[in-house]
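In what comes next, chain A is part of two complexes: it sits with chain B in the first one and with chain C in the second one.
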Partner chain A sequence: MTDGTRPRGAERRLRAPRINPVWILLAVLIAAIIYMNTGFVEPTGYMNFLKRAAPLAILAAGQVYVITSGGFDLSVGSLITLVVVGSSMLTNNDPAATLWVIPLMLGLGLVVGFVNGLVVCFLRVPSLIATLGMMITLNGLAFLWSGGAPRGYLPDTYRFFGRELIRDVPLVGFIPVSVIVMAVVIGAYGWLMHRANLGRQVHAIGDNPVAAHLAGVPVARVRITAFVLSGLSGAVAGILLGGFAGVSTDVGAGYELQAITAAVLGGAQLLGGRGSVPAAFGGALALTAIFTLLNFLGLPQPVRQVVQGLILIAAVALAMHRRRQTGT
Partner chain B sequence: MKRLLATTGALALSALPLSAQNFDDPEEFARQQEQLQAEPEGPEGQPWLQHIGGEMVETADLGIEAPATVCFSNAGVNNPWRVVGFTNMNQELANHDSIGEFIHVDAEGSDDKQIADIDDLLAGGECDVMIVSPNTTAALTPAVERACEAMPVIVFDRGVNTDCPVTFVHPVGGYGFGIQGAEFIAENVEEGSDVLMLRILPGVDVLETRYSAGRRILEEAGMNIVGAEFTDGDNAQTKSIVEDYLQRGNIDAVWMDAGATAVAAIEAFEDSGYDIPVFVGEDQQDFLRKWQDEGMTAIAPTYPTYQWRTAIIAAARVIEGEPLPGPEWVLPQPAITQENLAEYVNPAMPPLHYAMCGCDEMENYPEAWGGN
Partner chain C sequence: MSVSGDPAPRRPAFRFERWAPLILLGGAFAIYVVVAFATGQAQYLTFENLIAILGRSIALGITAIGQTFVILVASIDLSVASLISATAVLASVIMDGEPGMILPAVLAALALGGVVGLVNGLVVSGLKVNPLIATLGMSLIIQGCLSAFVSNFAGAVPAEFQVFAYGQLGPFPFALLFLLALAVLAWAVLRFTKFGSDMYAVGGSEEAARFAGIKAGRVLVLSHVICSVCAAIAGLYLASRLRSGAPWIGSDGVYDLESIAVVVIGGTVLAGGRGGIWGTMAGMLIFSLIDSVFNIAGVDSFAKQVLRGVIIVAAVAFYAIRSKRIVA
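This part shows the complex of A and B:
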């Protein structure tokens, strides 16, 4: 499960099929979790895990477009906060309001991504700075809107996507709605990236924008599309997070870096040219697995942060090392 | 991996004693336990005017003429507790003709900015009285000392390491908060029950003292503390942690050092199909509503936001030359219990509104606090 643009038939004959290291890492982490807590093999265990991973997995799928196209999107975390705070202000305890608030929030994600893309393409602001500015702006907007303390609850109709379970499902017993949302988004983003022309174009402009331009790729349009897809993923993640845990004013804090980390764990190359949606999904699961495992180990918080940081560095270093060795 | 864990663990542990402060002081614990029981002096039903302990300071000789300018250096308005408190403060201003002008500077949660703010206010020369709500204790002490040389200073919420301010307004304190919740648990579950302790983050004095007091009471009562976890004040993380604990074992009671994520913790029980156990939350409306709707066994210790009113009242008394409780103005710190829950639940208020605001009789209630 590596990126789909790489010819690999010739090498395959010579050695065992290569697996993206993220899946090995994930398997090791899952094994460790099961060793710590056998309840994990029950549906409640792994379904809770998937439910928890869903927002990050969706974000990572969006982020991988921007990274592959040669940029960063730091604005998604504060976009999540704005979506949750804004939704609580707009729904104002009215269950019927969900019907228009959710489309509006998805629209907000599209607009934020579109503006990010425009700023990067036409004002020539590096994406790191453009989306950093957007992150600060959106945080400020969320604060202005709510005055620091959100004024409404999210109605149950809104929270359906992040909180409810579909019960009486054969084999697994139940499926959280958010896991279904995740499957749909990952499926759609994966298809766009690896089976549609857009994916090839995103890879091309990330690898070499000049060559891509000369080859007839509409660079600006593809780059903006990448930011729009990332913005949309931020809005979806916000709706799921708000549904999962309710309103808080810093719900999205830190998610932008987690999404980038997940994509890189999945082998995406910073500064572009290489990236895979399924592998970013694996990266998101691995990252969530690290958090879960550290919860189970019951280490004190400072030790946990040290271990978490070291594991991340080691995992990404391993991924890079393997890539160099195999020359891809 | 194991060696890595051991090394990092050893490193972290060896670094601990360097920074260790005493957050588990038996004398302070006993003092606050006593203050919780004490009968406060002052007008009944108006806890923001009451005080525990009788010492007063005279301010007649400070020689300030009304109307005077009051400057307020605020650590931040960066969480719902401070938003409610700051609203209380602004509304209280309307009650005092002796305060001519009120200048507010927001340090946005930064020590450096607050130190600069205080120096700017002093250099500006417009202030007659200064109110300081320090961001952190040690860092702000020198700045507060400089302010004391120029004018009367009132400190509230977190303290400073100097007795130069006219008074330091604060409720009973962190130990008191921890005691109220843990004693409730000890009274409502059997000895040996499984208690999960949820904390926001390490290293903050008012939160560390809540935890050390809570833990002391729970251990003395023979409870089995299954874990003490940091939630970062994040709903999603809180819910995940509680779900993980439920997968591994039983929980009879949940103690929390702050209530912001209490509802998320309760939902973890609901969504995993368990009965809601005995709960310690705080006075936020979302928790109080949940408590009432689900008929929970719960308590809400408070860190009352009405202390923000008291800071203005203290400033007004300084200007008017009236005596006021000092050098410490210890406010009562009531808990919301099953008996008085109905008085505090108000569905018209925002979910993160702190009910123990002492603000429901004020003129612009509830609109100014975001209610409808």
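This part shows the complex of A and C:
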């Protein structure tokens, strides 16, 4: 999290290594869940939890790129809806169609991200408005395509990724396919962000685009790449969600804000310059854990909303407080 | 933030930015006239119909005036939609058909708006939480609290209060004159008061404004209060028009995102410090003209949504494309 921006004097004074608070939050929440329901330590418990968290975690990994580069991507929620609705229209109950529908949907995510990036970079529309427009457009397209009431269901071959389990795995018994997809995506995105040149460039343009430009970073290309990665993550999350939720025109509603929340919980700094894929993953898990916990407590939906709002504000306020203290 | 550094101040003959909203408005009006003639529905080109078009976007206009204030100080308010629902329900529950309770209900709604704005402003300026997150969290909290208590139309608005929405003064609806008065008042505040010029200063550069001796935090809080009070007024108007309050009227009208879109189309810059009320009013007119064009052209409602998203982006791009700033 603090690569390169460690507070001065950290070398001199001996102190505990700085742990991103999201992991502490996650540990506390997990402990609370285990206290409420001991079944959670069984593989069925935590694997189902991870499976539920997978789409959000993938989205958050993509969103981190856009946030770190200084923007927002509000279009991923409606992209999920479009992917699910579009898949159900295209596969048309034909199991063999999965083979070309899934690459097509990934391509759709890519194109949506690319267009977002182009609009932001070359039409100079702020990403908030650009992706908001994209969100409205994609939602309209999903309605238009399905005529308002999506028909049919997704074939089992398509739902493989979201629903199937790989059984007879030593140690844990079974692994849901979606968890494997999540691990691969998080791994790839994490590597790109923290080990590859792209990550450094994304951080640079988010921190100070003018300085990055003067230092020779291809600002437009990096920004577009960030949006493409986010769009791609939206498509993957849509394919997973199509697997475990049904087909409807509001599957993706609200996911864009949850993804931003998860990234922010993981310490990503809005308006750019700081962000971490593993921490966003932690944020997504923490957010899912909060929802799980509120479910266990039997709290109704309105209370969940209030709690989510309070946590969101508190997390950012805390992060800002820490930042002022350390002076970074 | 500009790459080349701003050029020395001189007065160009034609300031595009200043006239852009008017050009867009002229374009929208021309399209409206052309479509009306092309579809052989010239009967829509009457004064009464024009007034009717305006009447449909009064709530949006009132909200957008408030939103202009916060966007001018480089903040944003996503909580207006749920605040509109909350104040509409609150007012209609307090009135409950009793003409004598109109004044307490109005005061309560305005007070609720003031408190929400105060909290928003304090969280943004005091805790340094990004305004997007702060007001999004506030929106979740309000919506959660609201739907915990109310799930359907609640209370009733006495006929005396329905005058606000349905009353006429000559050919002009009351509410339209009210909107105009509010716009003039807002313009006067921005143009002639110290608070107005402080707002532009803080929006341009908070740090510079602080060094110049402006109490930036106070300006920020006050503009949030103004925004929320405007949203409360919009809630009162909607309660008067629907004759009752319901917890979904704000989110159904998408007043949060639409008011931001209206403000931005009106030429106010999301980064703050530039723009004004008349631009916002032009933006509102553009929005309602586009809606009427869709209606008389008989565009399918889903296709309408798609076009709407594209138009928002295109309108913002129309002048953003000329700026040399790097946006994110």
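Methods note: the second predicted complex is superposed on the first by the 313 of 328 C-alpha atoms of A that agree within 3 Å, B and C clash if a C-alpha of one lies under 4 Å from a C-alpha of the other, contacts with A are read in each partner's own complex, and residues count from 1 in each chain.
Keep this in mind: a contact is a pair of C-beta atoms (placed from the backbone, for glycine too) under 8 Å apart; a residue touches a chain by one contact, two chains touch by 3 or more.
Bear in mind the structure is a predicted one, so any value in this text is a computation, not a measurement.
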item	value
Partner chain(s) touched by A:L310 [first = chain B, second = chain C, both, neither]	both
Contacts of A:M135 with chain B and chain C, given as first, second, both or neither	second
Which superposed partner A:F296 touches (first chain B, second chain C, both, neither)	first
Partner chain in contact with A:V219 - chain B first, chain C second, else both or neither	second
Dominant toucher of chain A (residue count), chain B or chain C	C
Which of chain B and chain C A:A149 touches, first, second, both or neither	first
Touching partner for A:M320 - first (chain B), second (chain C), both, neither	second
Which superposed partner A:V210 touches (first chain B, second chain C, both, neither)	second
Touching both chain B and chain C, residues of chain A	148, 300-303, 306-307, 310
Chain C-touching residues of chain A, taken from the complex the two chains share	69-72, 119-120, 122-130, 132-141, 143-144, 148, 205-206, 209-210, 213, 219, 223, 257, 260, 264, 270-272, 300-310, 312-313, 316-317, 320-321, 324
Chain C residues within the chain A interface of the complex	1, 3, 76, 123, 127-130, 132-134, 136-141, 143-148, 257, 260-261, 264, 270-271, 300, 302-310, 312-313, 316-317, 320-321, 323, 325-328
Parts of chain A lying in touch with chain B, wherever the complex brings them together	37, 39-40, 44-45, 48, 52, 55, 147-153, 163, 165, 241, 244-251, 253, 291-292, 295-303, 306-307, 310
Residue ranges of chain B in contact with chain A within the complex	4-5, 8-9, 11-12, 77-80, 82-84, 201-202, 227, 229-230, 233-236, 238-241, 243-244, 247-248, 260-261, 263-264, 267, 271-272, 286, 350-353, 370
